[in-house]
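Look for subunit A in each of the two complexes below; its partner is subunit B in the first and subunit C in the second.
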Partner chain A sequence: MEEELRALLRDLDALKQSADPTAIDRMRERVAGMVSPAAAAAAAVGAARSKIKDMSAEVVDSNPYSRLMALQRMGIVDNYERIRDYSVAIVGIGGVGSVAAEMLTRCGIGRLLLYDYDTVELANMNRLFFRPDQVGMTKTDAAVQTLSGINPDVVLESYSLNITTVKGFETFLGSLKAKSAHGCNTGVDLVLSCVDNYEARMVVNQACNELGQTWMESGVSEDAVSGHIQLLVPGETACFACAPPLVVASGVDERTLKREGVCAASLPTTMGVVAGLLIQNALKYLLKFGQVSPYLGYNSLKDYFPTMEMKPNPQCSNPACVQRQKEYMQSKPARDAAAKAKMEAEASAADECPVHVDNEWNISVLDDSDTATSSILSTAADSLPEGLVRELPTADSYQEPIAPVTSGAIDDDLEELQRQLDALNSS
Partner chain B sequence: MEEELRALLRDLDALKQSADPTAIDRMRERVAGMVSPAAAAAAAVGAARSKIKDMSAEVVDSNPYSRLMALQRMGIVDNYERIRDYSVAIVGIGGVGSVAAEMLTRCGIGRLLLYDYDTVELANMNRLFFRPDQVGMTKTDAAVQTLSGINPDVVLESYSLNITTVKGFETFLGSLKAKSAHGCNTGVDLVLSCVDNYEARMVVNQACNELGQTWMESGVSEDAVSGHIQLLVPGETACFACAPPLVVASGVDERTLKREGVCAASLPTTMGVVAGLLIQNALKYLLKFGQVSPYLGYNSLKDYFPTMEMKPNPQCSNPACVQRQKEYMQSKPARDAAAKAKMEAEASAADECPVHVDNEWNISVLDDSDTATSSILSTAADSLPEGLVRELPTADSYQEPIAPVTSGAIDDDLEELQRQLDALNSS
Partner chain C sequence: MPRAGENHIPIAGNTKVEEHGAKGEGRRAAAAAAAAIRSMEGWDRGTKSVVGEIPLLSTRAGPRDGDAWRQRLKEEYRALISYTSVNKSKDNDWFRISAANPEGTRWEGTCWYVHNLRRYEFPLQFDIPVAYPQVAPEIELPTLDGKTHKMYRGGKICLTVHFKPLWAKNCPRFGIAHALCLGLAPWLAAEVPILVDSGMVKHKDDEGAPAEAAAASGSAAAS
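Right, the complex of A and B next:
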């Protein structure tokens, strides 16, 4: 663009000399070319790629989906391309939400709905995603700018609004129920909460309880060194109001309270890890692979990752949650029957299946009842494909070490245990 | 820019009507503004920010370091600004290395050395960081382009070379030892390996063993759903050759082998999590907070995070590793004496300290011997600051539930244990 503008300068100089009306027309045409939608997009993100109709599994450098379709060939996901049928809403496009949006965009999600009312600030630059040149833009506009450049196949809907206002909540609820632009599905398949305050979480909770919408919660601590993700299925798991925090803001704006003197710390690492765990859980949920975690914590100081499950609270303060709990209980007989039918179908299918099916790598799965298993396996492993050598001697050349435990030590332990038992019995 | 160009169009239309020479001058000025160096940079990366001399802790939207300096105020890090004195080398700017580089850049690391010989392809777009408009650029050039726009305070050195060639290895080793451009330190403080093959890992291992350089290893599985990070301190922990994989490529190019028919899968989630865990560990190591993990695995299908420690192998095939092990053993008396002196100094300092020091939040740390602790604590907790209310009743209104254990059950357990002990004694 710079070269074109310089040419324009030269022509303006010439124009001043001649004042030729046709020169003005030519300049007009060129400036119009610079502002046409395609040219504007190219100037913003360089040579962005064009849309792709079908996800190809072809292993070529020019295929942006080859490494994702490989998940299918490797047996991780049954049908990766199904991801294009899904719509995901992300509430809060900050340190976690923006990275979550980028991950889903690069994975080729069908439709992404983005909600935020904030603008990009230089103070956000210690987290991934936003760039200094986007300072002043709304976070949703900046996100759409970046994401559409990365993957034009994703349908992006941006909502620059505050969901905690009455009007904002109405729009939020309406957009979650609305038919998607390309009309292939109604509503969204998953809502991801990436907000940074209690009030907004309670609003997402309210909307999802009302709609019976499965969602995932995420959060990062104010000291920036821990975080968590949580799956919430209305009626089936605890909702966000089932186990509220012990202390909450009341009567004052929570954001004012939080910013009073103390500024919350944040790190791109913790937020990147939480976004990664969140979207991994979302992919497992949508594409049905692995185990979807009901709750996963991240304590970065000790690299400790606690997990837990939370049942809904029958005395929950949220009426919509209590209603969903009732419905879930009432549908139990139908669920049990469906589960039983599925198990029986799988059992009869297993009866008909061989222990292993032929595959292109000649890998054999052996029956447990086959006593010759270990010798067959070691023979098979001895003949490595061409180009591979063993770095260490084979297992055969090692002897099982004899455990250095004397019987005296065992006796001492038993006597000590006996003494403890006697003491317990006599007390 | 688009808005300015549209305004220019309107003025060109007006100009055609009036042909006023001063109108031409005004337009000229505006176009010149758009092409001036600052404006050209703004067009390329928008309004990139200027360099900042000192890291300020001031809580204003325009301070890119406010949320990082808050780590100090929150007691997580002693001196955050020390990060500007550190140099980190990242080998491999792919799915993990590029995100790791972005995280360190946003954290304000002093100097970053980037090594890769590959170019950006559309097939890389399913991972974070690179953009479609960077296709064809070397990964190091594309990384410098993006990173310098994000944080101009970081000194970036880019090496587009293959470290597994003789010449590449020499340059690699030389650059790790060289004085930094701004002369404030010699060599690097940490090497991060983010490569995707065994051969390159062995080369990083060789360089770090030769230099006695602490480094961290990272890796993601070919099926994209697990990964790991590992800390390697030459002589002190296992090196990469101490416990080699059971099967490695030999005589053929590992990359040819890997790509034969099968294309490795990858996900932005797994790679983002591994990059986050890696840089979190690097920050803990450099800024001395939390516990640095010797090894941390990530199994995303089950959200399982195994940890372990590996001692060096005295029979390691790498001579430099064996040499570092010898030096580490020889320096043991000196290390023990230093540790003892430090412990004594801390113990005497603790003797002089009060149980708690005054702080601005009026938080009191009470002595364990104080029997009135619980009543004092509950009184203090009863008076919440203005604007906060309790969401649940206080602890006082709950009764401790009585454990539903009958003495009969205990006796049964004891008898069963007794029987097991008797059986063990008689055998």
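Right, the complex of A and C next:
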């Protein structure tokens, strides 16, 4: 449209100089031709709906929530409308994160915080969500643009920053802590990690361990044919640093995988599936229905979905994780009492059919006891379910010095060392 | 054509560890270094021998850890000083790096690679990540961003399948110097020849003429 208008302006300038009387008629025709597309564009903008105060269960064409509220009528969810009270942070607005954000937006989530440092590229168009006309925008702004059009009821916050840098991390941490309207422990109810690298996952892990914030991690393999989601509850489940990350073995022989000239492949299908698994788990967690999966893998080549549970590692290298584990152990009596009370209440209330369905294809490695005793993770390699592997090795056992070693060399002044390196650099 | 990697990976040299600190610590460091090198399946002999000459670090601290980070920073400097000296002594100097802020959380410099007897130089930068040293720094070569598939967005180099496992295994003993030696050096050796031969990267002496021609034609079109 802008292009056409500029061309029109140029031609009008030319017309001033021209003596040709038919030129005016041609110009009129062109302008007339532009009227109806412009009207259509304006109508499209006008079609954006206004905000809705209360979610209605009324089944009418004009109610965007009717099919969601039906979940409540059918007894799947107790109180669907509670979704409006929840805040979710999504870190990484790429092939998985953007789709996850759209799903939560369409579900009517209360508030979404979006984090990414990248901009939209044409190279992203093999994935869902972003459009070619958004190329060059920050991913978070482009996402806000699209999502606010889909559902204006959702409060959207865009954070275009790199959380792995010290400065970015402080902003990230601050935004997660900022109280939201309904004021719970931290400002968000759930953090979803949709990043594509280990470095950023470790940063989300750090933030969530420090805040005691429950989060879910998601990932798609670099060969685009497998993925996973994982629930992390600081102190209660393994954190991301407790053991080397667990990934789904694609079954492709590493030696036959050709890596020359490429970093990573991606498919909209695998990413869409993983986003769907992630948000399904998030909805179950937030709205308290079904079973929340602690770990769910997806091997697309074999259509195989391994599951497992992971206990925290008492020797975890992350001090905040160890602290959360201690707190979790201390709160055990209170938890037991609450669980007992709940069971009694349920027993008196119901002859309802059991929620549990046998999942014979599921493999659970650990029993249900919640005592974080000795680490099962040291022998994790042996006890992993079929089809799951560790992405990285564990660090070699290494005794860290108990006290800072004091010897001549260690006492070196930092400025002196800087000077030495500078001298080498300039020689 | 010179062999890839020849310009900065000396083949000579034993796996000797510089003693730093008390004698006992030196022995332990030597044992650790030997273990680190034993775990380097899939790496060439040259890289193995050089990495053995970089002092190992011991403080597990990241940029948010206050005094412990200052301690770690000292160890980083010691390793970098040692590595740079070794490179110079072997006529194999290939990078310059220094902290770009007083906290030592951002580093900038240059690196270069000689291909067909010509030197190609690239600016180099990275931040020390919050989760360091559990995760390695992500080294960026901003001028090569978008020129090779072996790179993530922002010019972050795509490391080999061997790098991350080795880094994880040796945490917290590997530092910035190790990341340069085991991450950046092999990347340059593998990618620069391809970038030059395909014409994606031009030598700075060859850049002048075509650029001027383009500028001239550009101004002609505008007038």
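Assume the second predicted complex is superposed on the first by the 278 of 427 C-alpha atoms of A that agree within 3 Å, B and C clash if a C-alpha of one lies under 4 Å from a C-alpha of the other, contacts with A are read in each partner's own complex, and residues count from 1 in each chain.
Definition applied: a residue touches a chain if its C-beta (ideal position, glycine included) is under 8 Å from a C-beta of that chain, and two chains touch if they have at least 3 such contacts.
Nothing here was measured: the structure is a model prediction, and the numbers come from that model.
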First (subunit B), second (subunit C), both or neither touched by A:54: neither
Which superposed partner A:169 touches (first subunit B, second subunit C, both, neither): second
Which superposed partner A:263 touches (first subunit B, second subunit C, both, neither): both
Partner chain in contact with A:421 - subunit B first, subunit C second, else both or neither: both
Touching partner for A:206 - first (subunit B), second (subunit C), both, neither: second
Subunit B or subunit C, by number of subunit A residues touched: B
Partner chain(s) touched by A:125 [first = subunit B, second = subunit C, both, neither]: first
Touching partner for A:151 - first (subunit B), second (subunit C), both, neither: first
Subunit B versus subunit C as contact partner of A:244, first or second or both or neither: both
Subunit B and subunit C contact sites that coincide on subunit A, given as residue numbers: 121, 244, 259, 262-263, 392, 414, 417-418, 421, 424-425
Of all residues in subunit B, those that touch subunit A in their complex: 1-2, 5-6, 8-9, 12-13, 15-16, 19, 21, 24-25, 27-28, 31-32, 34-35, 40, 42-43, 45-49, 59-68, 70-71, 73-76, 99, 102-103, 106-108, 121-123, 125-128, 131-135, 149-151, 222-225, 244-252, 257, 259, 262-270, 272-273, 275-277, 279-281, 283-284, 289-291, 293, 296, 300-303, 305, 307, 384, 386-392, 414, 417-418, 421, 424-425
Subunit C to subunit A touching residues, read off their complex: 20-22, 25, 32, 35-36, 39, 58-60, 63-64, 70-71, 73-74, 77-78, 80-81, 84-85, 88, 96-99, 103, 105-106, 109, 127-131, 134-136, 138, 149-154, 158, 161, 164-165, 168-173
Subunit C partner contacts - residues on subunit A that touch it in the complex: 117-118, 121, 162-166, 169, 197-199, 202-203, 205-206, 241, 244, 254, 259, 261-263, 317, 392-396, 398, 400-401, 404-405, 407, 409-410, 412, 414, 417-418, 420-422, 424-425, 427
